[in-house]
Amino acid sequence: MADKYKHDFFNVSFPHEFVAVVEINRPEKLNAFKEIQWLNLQKIFDALSHDPDVRVVVLTAAGDRAFCSGLDVEAAAAGTLSTAHSDGARQANHMRRHIFEFQACITSIEKCEKPVIALLHGITFGLGIDISLACDIRLCTATTRFSVKEVDIGLAADIGTLTRLPHANVPMSWVKEVCLTAREFGGEEALRVGFVSGVVEGKEGLLKKGMEMARLLAGKSPVAVVGTKELLNYSRDHGVTEGLNYTAVWNAAYTQTADMKDAILAGLKKKKVTFAKL
Amino acid sequence: MADKYKHDFFNVSFPHEFVAVVEINRPEKLNAFKEIQWLNLQKIFDALSHDPDVRVVVLTAAGDRAFCSGLDVEAAAAGTLSTAHSDGARQANHMRRHIFEFQACITSIEKCEKPVIALLHGITFGLGIDISLACDIRLCTATTRFSVKEVDIGLAADIGTLTRLPHANVPMSWVKEVCLTAREFGGEEALRVGFVSGVVEGKEGLLKKGMEMARLLAGKSPVAVVGTKELLNYSRDHGVTEGLNYTAVWNAAYTQTADMKDAILAGLKKKKVTFAKL
Amino acid sequence: MADKYKHDFFNVSFPHEFVAVVEINRPEKLNAFKEIQWLNLQKIFDALSHDPDVRVVVLTAAGDRAFCSGLDVEAAAAGTLSTAHSDGARQANHMRRHIFEFQACITSIEKCEKPVIALLHGITFGLGIDISLACDIRLCTATTRFSVKEVDIGLAADIGTLTRLPHANVPMSWVKEVCLTAREFGGEEALRVGFVSGVVEGKEGLLKKGMEMARLLAGKSPVAVVGTKELLNYSRDHGVTEGLNYTAVWNAAYTQTADMKDAILAGLKKKKVTFAKL
Amino acid sequence: MADKYKHDFFNVSFPHEFVAVVEINRPEKLNAFKEIQWLNLQKIFDALSHDPDVRVVVLTAAGDRAFCSGLDVEAAAAGTLSTAHSDGARQANHMRRHIFEFQACITSIEKCEKPVIALLHGITFGLGIDISLACDIRLCTATTRFSVKEVDIGLAADIGTLTRLPHANVPMSWVKEVCLTAREFGGEEALRVGFVSGVVEGKEGLLKKGMEMARLLAGKSPVAVVGTKELLNYSRDHGVTEGLNYTAVWNAAYTQTADMKDAILAGLKKKKVTFAKL
Amino acid sequence: MADKYKHDFFNVSFPHEFVAVVEINRPEKLNAFKEIQWLNLQKIFDALSHDPDVRVVVLTAAGDRAFCSGLDVEAAAAGTLSTAHSDGARQANHMRRHIFEFQACITSIEKCEKPVIALLHGITFGLGIDISLACDIRLCTATTRFSVKEVDIGLAADIGTLTRLPHANVPMSWVKEVCLTAREFGGEEALRVGFVSGVVEGKEGLLKKGMEMARLLAGKSPVAVVGTKELLNYSRDHGVTEGLNYTAVWNAAYTQTADMKDAILAGLKKKKVTFAKL
Amino acid sequence: MADKYKHDFFNVSFPHEFVAVVEINRPEKLNAFKEIQWLNLQKIFDALSHDPDVRVVVLTAAGDRAFCSGLDVEAAAAGTLSTAHSDGARQANHMRRHIFEFQACITSIEKCEKPVIALLHGITFGLGIDISLACDIRLCTATTRFSVKEVDIGLAADIGTLTRLPHANVPMSWVKEVCLTAREFGGEEALRVGFVSGVVEGKEGLLKKGMEMARLLAGKSPVAVVGTKELLNYSRDHGVTEGLNYTAVWNAAYTQTADMKDAILAGLKKKKVTFAKL
């Protein structure tokens, strides 16, 4: 593994051509996050975004018990949040800087040019939900335990859940219910409302399914894949007129590629095609 | 009950600490609305919004037959709509003022800082749908009869349904179908598409379920609850970049609260905590 | 049929009062589209939009095998896409013009004032998805085969799918999965996620169901129907405050109609009412 | 004067047909504002907005020395701002409610359907700038003393100046300079940058000029005048595509008026025409 | 002149390489517009937009007296506006279609890929203002007489003035004054507020100045010129973050051009360079 | 000077309390920029943004001849732009990454929490304009030579000029003229249109004036100053309703400061007050 992928609390591996697997690795704390972890997460996804040898990313977590149990509350209490400021305005300004930095780390997943598949097993609470919503595709097991937990620590979730969940196209009445009550929900419910697009039996099955999907994406034209992710994200945030115009400008450049001819031929001949690096 | 909550056609009660119940009370007309009712509705929700003794609101309706059968068409015909104006432009200007005023009354539910749970039983037609969409969480019974009825009175619904339903994250093909056909749909279908997030047997069961959820919310930090409602509503109407920025500014202030420490301790000790009034 | 509706590769008929049926007619090529087809499609829908004898449109396709198998790739390769330009910037400018023209043709369905019901049977791939997303209501059969196919020809879909699918209120994790993998999905899955709002057995059943729905819409006030389509489309692309304001201005004019009184009377008397042409 | 216009600290008069003059009347305090004043201001402008006998409003202030010297800081310190709350989040929530209420009062000028001409003489500091920016047309004297004063009381101006000044189409470098330095500027400079559209010698001359303009507007079709104000304000806040669409919907109704024929005839015959009330 | 440029009421000429001159030609009516004229205007600008032999357009008008005196009111009264509809809603729908069509014709100037220089002499009233605002650069003579005239015919201007004037970055107080009063203003005032960017003595001088500027633009890289127009128009309608992102995507394609190297060399060698057609 | 401010091609100094001066230092190349310079610029402004000892920044440039002559074209040709990619799409993707990175560096000036005053002398071409538009206040000398030069190197300016200039509230006709012609303009013209807000005689005079303004801002409440910059920038990019709401949420926190009381007292007593660090 290149140095750029060696960071504490993460294992990054490349089990198949063009497929990167990022494993959150703090199982003894149920993969709870402290500051160094979100900073490292950003470094990893910034590197993956521009790495020509990577076309798809799988995000998973070590251990059997949890994808991520949320913020490491003890560490947070001892860290940034502990500094005293001379008045409420100054406290607010420091807090604002802190939230921006934290948000930017998680948003690096969304900004990563390549699609990211989240494999969610076990406890997926609080920050675990924020992280999964910055990913493109969410899969889970039947026994995954989800909770938008923040309200139970006196906090409106501020690292992405309250912003991205209404745009994940899951029903708003349900969104408000789970965000306001902090109640748990499982894999089947997550699938029914559309929070995940697939439920698999067991963590092993989940990894297998995730890797299959990743390998499928890795075999496709990286020009088409990168464009598809970007145009879907852009369109999510804009009206239809805006989205169509942006799409036209985008493809004015991105259709200038040998991949189109190669992909069509490959489809006709049922053969695998090798696309140039992006 | 304080005077500010005494208004014709409504009963407002406080059966549990921090829980307000607003009951639409015109059962003999299937809770159809005339002008005085929507004006009173606004007064009630404006007061609830700033009332430190209220942390969650339940909206229900009297009688067994209907949550709300819609606009009282007879009264409307005899009221604002009956005035003649000298030409189409002047008629339009008066109509525009009337619609604004009417919309503002229903929007007072959405603007209420505290979450509002709608308990929808029996006939829920036309304005009944508009009202329920301004609420945060919708629950119903298996026998609730829903209809976006307006097209059948020669009208494109203008008090909120056509605006809020596309943002309730229920499938657009279904939205168009029910808005254009005005066909009825029941509780199970409402749950399947996500219009409601829960279906309960019978009106009594519905009230019980609603009260349980309300009491759960009433026990949480009002700072976190108010922020969660606002940030979800804001994010629904803005792109992700905008939503994250607004969230950061919001929490720059709203994390300056004793509730966070108290809530965490309470969680650890499995004890009930008393939060200060908001 | 009027001349304005006679165009190669399409049959336009009027089987019931106020109901137009547009049939894509190139079954020998699985209703794949070449340039003349999308240009003709636009002419037809532009005419339908202002035709006072049309209140609802049904869009279907000839043959048993496909609604539309997508772009006619061979024709495309020989057409616009084949011209060489002196550098990448000039190539981009021509491509941008081409995509705009193509998008505008499909968008003519969305801009058509009257609601359009898409009846999707058999193969519905690539451009078939783009077209169906510009329609208002989507129905299919249990054996319809859907695929967002573009990524498999090295292309990010640019005629509407990537823009409109995130606004069709189907879950985003599923949207990303089907757009990035290009995997097929069937009628039941399409219904479960909300891509269609009804599944019917067989093409014949589908036509029957579509015609019933069309006749139902054709009997309603055209003022109310046209307004309902427009206000839902507008609201999909704007926040709630914007949507409510636009609605008020719209109905300031569109409530100045005899249809309201007539529709109410008709409802009370359970009689059919005849509305004036729009 | 009708009761609806009798409010402390304001004189409302109707010196010419369809012309209302609102005079801020607290000259002994340089027309500084305390809470009751902005609440009264809102009541007055809400009434003017729908008053069929009013077609244009002139806003002026009593005394020779000041249009408005800003917030009455002493009263503010003793009022809302003095309440103590249990923590920063609760303090923030009360402050937010307070700012919203205050902003809404000033915004009532912008929301008033009829155009408002601000006549700015003498000291026009702080809140005086906020108020003038909510008006449509600003005129001043050569000796008017302007200052965006808030930064000098430790405050980022929050009642409209920082929001509306960038949209008044005065150069941004100048905007930032006067908002950050709080330096004074006079009538000539205000005209040069476009903050005002006219400078007149002396307060008397200013009133004369303002009344002439008001009478000119009062003689025009109220349908055209109300539409012009609304469409300019809407367009200021939206892109061109949005603005054109809104305009088309607006005029679909507002061209249904006898005023068009009457105004054209009047123009041809150089005669005064009497338009119906709005 | 090619057939595509032969249209009644217009002369189109090509006096210099890459420079097109469009002359409005109805001087006997002070270049007032009736329907056929705006339809023809659109045909001309649509053709110019994609014509590889055109890189810049000059818009002028025949005769000494007027650039355009506005709508031909008599023709309008006898045309679309004269049709009677059965009720206000149906009238509104037809009016909306009419305004859209009319707006689209004038907007074809803004959508024309190549920059358009408006040379405004003599009477420039009503529609003359709408047209000039759809152009990129406005020049006039010292004796040009401008007026936003619509309010004097009982109309809020709906073909672009009220939408585009607030985005022309001329002071809003002045904008409201001239739109509400319909008072005339001359060339010097137009320059002072920024409505035009140059004033020249006499129509002949104006044409000379316009042609010089046009020839200057015609000599530059068409890739750079087209991009500059589009990016300025896009940015005018979007916030800075949006504008920067769009610019990056645009130039990802449009920097792939030989023009950059050629232009730099030409600059160094002070030589004229010949750019390939666009 | 702290290490965080030591970067090649820049001198950073702190001549007065809370005032930082950033000097671009490559006078032998007329302060043209190559890649390392914009990367260093970002590092400096990111540090200034959070530095509690800095409340205002002055941006100037070494030497008598130029503030910045633009991009170092030779270096650019040899750098990023020289890499060859296998097709147009891949080339576009690398170009897009490059532009984003470059834009982000210049945007760091706008994102810097503290106001930045640009002192523009001599040649200020191309990138020099982009940089100055990211600053808050622009001052120049009578002999400053400005040019939006990019079109003359075959390029639509992509580092901010075409995005920010339409939002600098300078007249759009003038903006289009100078961006399309690349003609030079001087200090007086810059002041007349509002591109700068002040013109001073000579570079020395400019520095003196800039330092006076900087010291004035440095003496004000940093809470008020930071808020004023942020709220003006936010409002520039949003409509009035959005701007007012954001302002209310912002000041809900930022009015919780001792600065307000201290500033008011200082004003009354005409005394200098010392505000706590931010």
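Going in written order, the chains are labelled A, B, C, D, E and F, and every chain counts its residues from 1.
The criterion applied here is as follows: a residue touches a chain if its C-beta (ideal position, glycine included) is under 8 Å from a C-beta of that chain, and two chains touch if they have at least 3 such contacts.
Labels paired with UniProt names: A, B, C, D, E, F = Delta(3,5)-Delta(2,4)-dienoyl-CoA isomerase, mitochondrial.
All values reported here derive from a predicted model rather than from experimental measurement.
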Requested in this report: Please identify each chain that touches chain B as well as chain F.
Outcome: A, C, D, E
Report task. Sort out for me whether A-B or B-E is joined by the greater number of C-beta contact pairs. Result -> A-B
Requested in this report: Count the residue numbers both chain C and chain E use at their shared interface, divide by all numbers used there, and answer same if that is over half, different if under half.
Outcome: same
Report summary line: Check: chain pair from A-B, C-F or B-F whose contacts match over half of those in B-C is A-B
Report summary line: chain D to chain F, mean C-alpha position gap in Å, rounds to 33
Report summary line: Distance in whole angstrom between the CA centres of chain A and chain D is 48
Query - Where chain E touches two or more other chains at once, by residue number - result: 88, 91-93, 167, 169-170, 193, 223, 226, 236, 241, 249-250, 252-257, 259
Report task. Mind listing the chain C positions that touch chain D in their complex? Result -> 246, 249-250, 252-253, 256
Report summary line: Given the complex, residues on chain A that touch chain D span 88, 91-92, 241
**Report entry** chain F to chain D touching residues, read off their complex
**Finding:** 115, 136-138, 167-170, 193-198, 213, 216-217, 220-221, 223-232, 235-236, 239-241, 243-244, 247-257, 259-264, 267, 275
**Report entry** Footprint of chain E on chain F - complex, ascending
**Finding:** 73, 77, 81, 88, 91-93, 95-96, 99-100, 103, 107, 110, 150-158, 160, 162-167, 169-177, 179-182, 193, 236-238
Report summary line: In the complex, chain B touches chain D at residues 50, 86-90, 92-93, 97, 113, 223, 226, 253-259, 276-278
